[in-house]
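Paired with subunit B in one complex and with subunit C in the other, subunit A is shared by the two complexes that follow.
And now, the complex of A and B:
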């Protein structure tokens, strides 16, 4: 606003004429690449999801919404959807809860080495998901894994089982790995906004005799409601995205599809079975979920900014 | 006096309880990695005994085999190449673009900005099948240069989002002064904007370098020729092979090799990375 009112005359003057050539050179390459590698593929997915094209068929025919209708009769798709749903119900809640608790402790404590803890907790997040997946599949390894060795060591050897090879536990191995790698990331995000809470509020609460737990429930959580909303949605979209890599590396979707997730089923339909049209319908479906999640997070974050 | 002593004691106890709790969490966070590192020095027979046991000696041969018996050397080279290319293209394209979007009111600027903001939501993993068909049409499959280009393009929306935020906060007065001194738009960009937006640029660089180094799904689809694959794909393939060959020592050594560059980058750029998260708060 102040810019406009300050120099309205100069804007129209010769000095401020638009350097059209410069703008074209700056903006066009980026725009062209974005159109080629993001916009066109997305539009193509929408379009191709209406055709029954496969990797082999030369003349695909238009089938309208048949691919989408078929999707909800395909039991493997529904299984993948249910698995993704289970992860989305469990992983973000636990991740955000752990992240909040750790962030609260680290921002309240006056320990000298708190910076070190922050770095250590954040660390799993920078590792490649492939490496994370392989390391954790060894953690859960039936004979040489940490989990089973530990169980035997403490005398609970009966509980030992092939964690990733068992259809009852395979999905939860992925969930634990996701929580392990994401907690530190959201912790750092929470810490940043916790620093914004004035210390006086906590001091006042201390004088009133409030315990740390009480402060966490009655001060921190209510004041950070919007940020928690954002990180929660981000964690959901991260879970959807990253579960593909883990599921592929750790369990290959098995046993018997027990740990297949949405994006993995899409990959399988597209690149293993060659059903491009059907895979595109799954693409559009997953993308819609992801966009809805992102829009919610965007609304929450702009609401949070308005309040400030 | 005694009340005071009591409260000091209480504070000390709380301090130590917190410390023990945090150390336990730190162990959970770090142990899988530490375990991976020390296990990479075990012989293959040692693997079959106690999982927790430390190696009896340093089996460097694991590392030799990891590199010699796989494409790991080529994978590391490919990844380095792709990361550097991604960074070059990203910086060359996204910095000037962000500057123009922030400072000039040209035809379509609103639409273009909206397109980038919307494109943040479209993540490459979701569109990997149409992306594959697109690359196929362009004849860019199994092409390392094309992958770098693709990674850069995938980072544009986020990079532009972060950098426009940074550039908007730079006061215009500096540019006005440079203009009066006879500086053209390119000169202003190079001499005023880039130095001032440096923290934002470094953050974008860090995040992009890490995500390009670690990217798996898109590389999996685009690079099928084993000599051209990047490190995450190479490691995943190695894992598949070692499941049957059971040369765990070599596999663990390979995992450590994949970790080293990210760890170095993290130690150098920790501050920028964590700062960028507060500004951006988005992960690709």
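And now, the complex of A and C:
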């Protein structure tokens, strides 16, 4: 007993001998940068959202929660919120699903061209988002776009429509582009994690007569639960951020706000209309949503872990 | 072999990273030509003559902030150096396409420029914020006073119907806070050659407009296309049409958000005609999905007869493919009845002097200097633009391109009108301008009726009135 209690004491003594000064010096720059560029702006945004300030903030007046209250009466904000919600519901799930399937195919089958495919699937990630947006706006171009031309070629000309100009389809054009753009990135992440799964498990499953599909469902997915959880959170934040660039480039938020997303509406109110206070309120709201969503999905994936 | 393949792939990945960086801007190479240009030598000689009579200023430092847009930086570089030699002062110029974002933090920090030149659709929200915050200087005295060469009051030298609009006096109190810069006509751009080949006449009334549409349809050409993604371009059709049908006063009322002004029977008739463009099959298919350059390209390939645009389109599209023999022409919105007055929308960009400027006297002198004949000619020569002065068209005609000059002929068809929405009251979060133009997409897609359109705009007018209290 006495020996046992001595040991931890010894360890504590070891802690004291840590080069505390050196650690502080190492941590200080990062700490300062984080405070200056992340914490202070966030707090300022929170503070500004309570004011009725413009782009210059020369004589703002304190309005309390008015900006937040107005937000839920503002039909354009609600529309942007709904659009972002639709994208968040659909895009991350499909992206991760495709990424998993592609990763499984590329790492489990003995395709000769897997290196080539891996490069090609990763390609969209290296191109700047603006260029991606421009490329896809030409894919959906009403007269010379490949989608409409193809539909006419196979005799489905009736289905052709101005995809990005139609309020029913504009948002989904952005969703498709987002999925195309992000799948390769998550595929590479999934492949790296799949390579870590021991081959013996798969071999044993093969001996038991499991099909590829069975192996995918019963071995790959459960063993990758952690990384899938992380990529899902990443895909959600990616959707939130990147949908702004695409909607600005491909549809300009139109037609009549049908493809406006939260960050775009924030930009519109802040930089075009000069309502900085209101824009900050929207920012704070979006931030809250992102944090809540990522907390939920982290909880879900770690709960799954405990069950295991 | 395998190495080669992976090397190629790696290289193409690297190349793709730079995909956005192509197309160098052609304008950057020109400043070096400025010095050897005979035209500018003449004008600088003229300004030296003036220098003997130039006023002396105590504070010789002037800070100016200039938006660098389609007109390029050459005019500003030249005129600033002329001003410096004439007055013996030192001008610090910041010029950038994102000037609003650059000077905003400076203004917040109290380092305010003395003079600002900002584009019309300022996306940084700087000027609209300055207006809302009452942070611009009242420059009525400059316009009441004489010009530098022509000693008649400056306000009489400026184009009629510019200074009293919201573009220049945003609070509608008769005081001028923004000085007009250039004036360019907006309207319906068409291909003169196409009209000649088909023996078409330019339409005067809406009926003739749609008749022309029927004739064009037989040739497989649509009557109109527009930048569906940026419906704001429709202003050059909408406001003149409303001014013609309901009177210029109605247009002024709309620009100051008077409730009821966007729903009178005359305005409704125009809105219905706008809808007829789509329901009658006169709109080029797919227009709603196009951005400005895409729609302009379609129009220049003779896919559509008209496109609402301005005289900058020639410069903007100078490298774009076009139908053979394409020649720029500009006409304006049709009227309800033959013989009704027609209007041409004139776009006016502005100069302003912040209220907190360090050296307002020199800034005002700089403003007067910009309105001299040499400056106007230099602007035409270097930038191809025309100042918003009565004499400017005459002075500029030897310098501007043929397309720009011939598009100015549109003023033979209609009177100039300037339309700019008044400053929104502080704390106002609706933007009536967006309600007007964003709805056009739904109108063209058939998801909205003209009545709903007008009600939506009226609702935003009411909200503006309520915010103003």
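The rule we apply is simple: the second predicted complex is superposed on the first by the 247 of 308 C-alpha atoms of A that agree within 3 Å, B and C clash if a C-alpha of one lies under 4 Å from a C-alpha of the other, contacts with A are read in each partner's own complex, and residues count from 1 in each chain.
Everything that follows uses one rule, which is that a contact is a pair of C-beta atoms (placed from the backbone, for glycine too) under 8 Å apart; a residue touches a chain by one contact, two chains touch by 3 or more.
Computed from a prediction, not measured in an experiment: that's the story for all the values here.
Once the two complexes are laid over each other on the shared chain, residue contacts for A:188 go to subunit B alone; subunit C is not touched. After overlaying the two complexes on the shared chain, residue contacts for A:127 are found with subunit B and with subunit C alike. In the superposed model, A:274 makes contact with subunit C only, not with subunit B.
Of the two partner chains placed by the overlay, subunit B and subunit C both lie in contact with A:119. Of the two partners subunit B and subunit C, more residues of subunit A are touched by B.
Of the two partner chains placed by superposition, only subunit B is touched by A:180; subunit C is not. Residues 119, 122-123, 126-128, 130-131, 137, 141, 143, 148, 270-271 of subunit A contact both subunit B in one complex and subunit C in the other. Residue ranges of subunit A in contact with subunit C, taken from their complex: 52, 54-59, 61, 63, 70, 74, 115-116, 119, 122-123, 126-128, 130-131, 137, 140-143, 148, 162-167, 251-252, 254-257, 269-275, 278. By the touch criterion stated above, subunit C contacts subunit A in their complex at residues 5-6, 9, 12-13, 16-17, 19-20, 104, 107-108, 123-126, 128-130, 132-133, 135, 228-231, 285-291, 294, 298, 303, 424, 426-427, 429, 431, 438-439, 441-442, 445, 447-448. Contact residues on subunit B toward subunit A in their complex (touch as defined above): 15, 18-19, 21-22, 25-26, 28-33, 35-36, 47-48, 50-52, 93-94, 96-97, 99-101, 104-106, 112, 115-116, 119-123, 125-134, 138, 149-150, 152-154, 156-157, 160, 172, 179, 184-186, 210, 213-214, 216-217, 221, 231-233, 235-236, 239, 248, 251, 255, 258-259, 262-263, 266, 270, 273-274, 277-278, 281-283. By the touch criterion given at the top, residues 3, 15, 18-20, 22-23, 25-27, 29-31, 33-34, 36-42, 44-45, 48, 102, 105-106, 109-111, 117-124, 126-131, 133-139, 141, 143-146, 148-150, 153, 180, 184-185, 188-189, 192, 230-231, 234, 238, 241, 244-245, 248-249, 263, 266-267, 270-271, 276, 279-280, 283, 286-287, 290-291, 294-295, 301 of subunit A touch subunit B in their complex.
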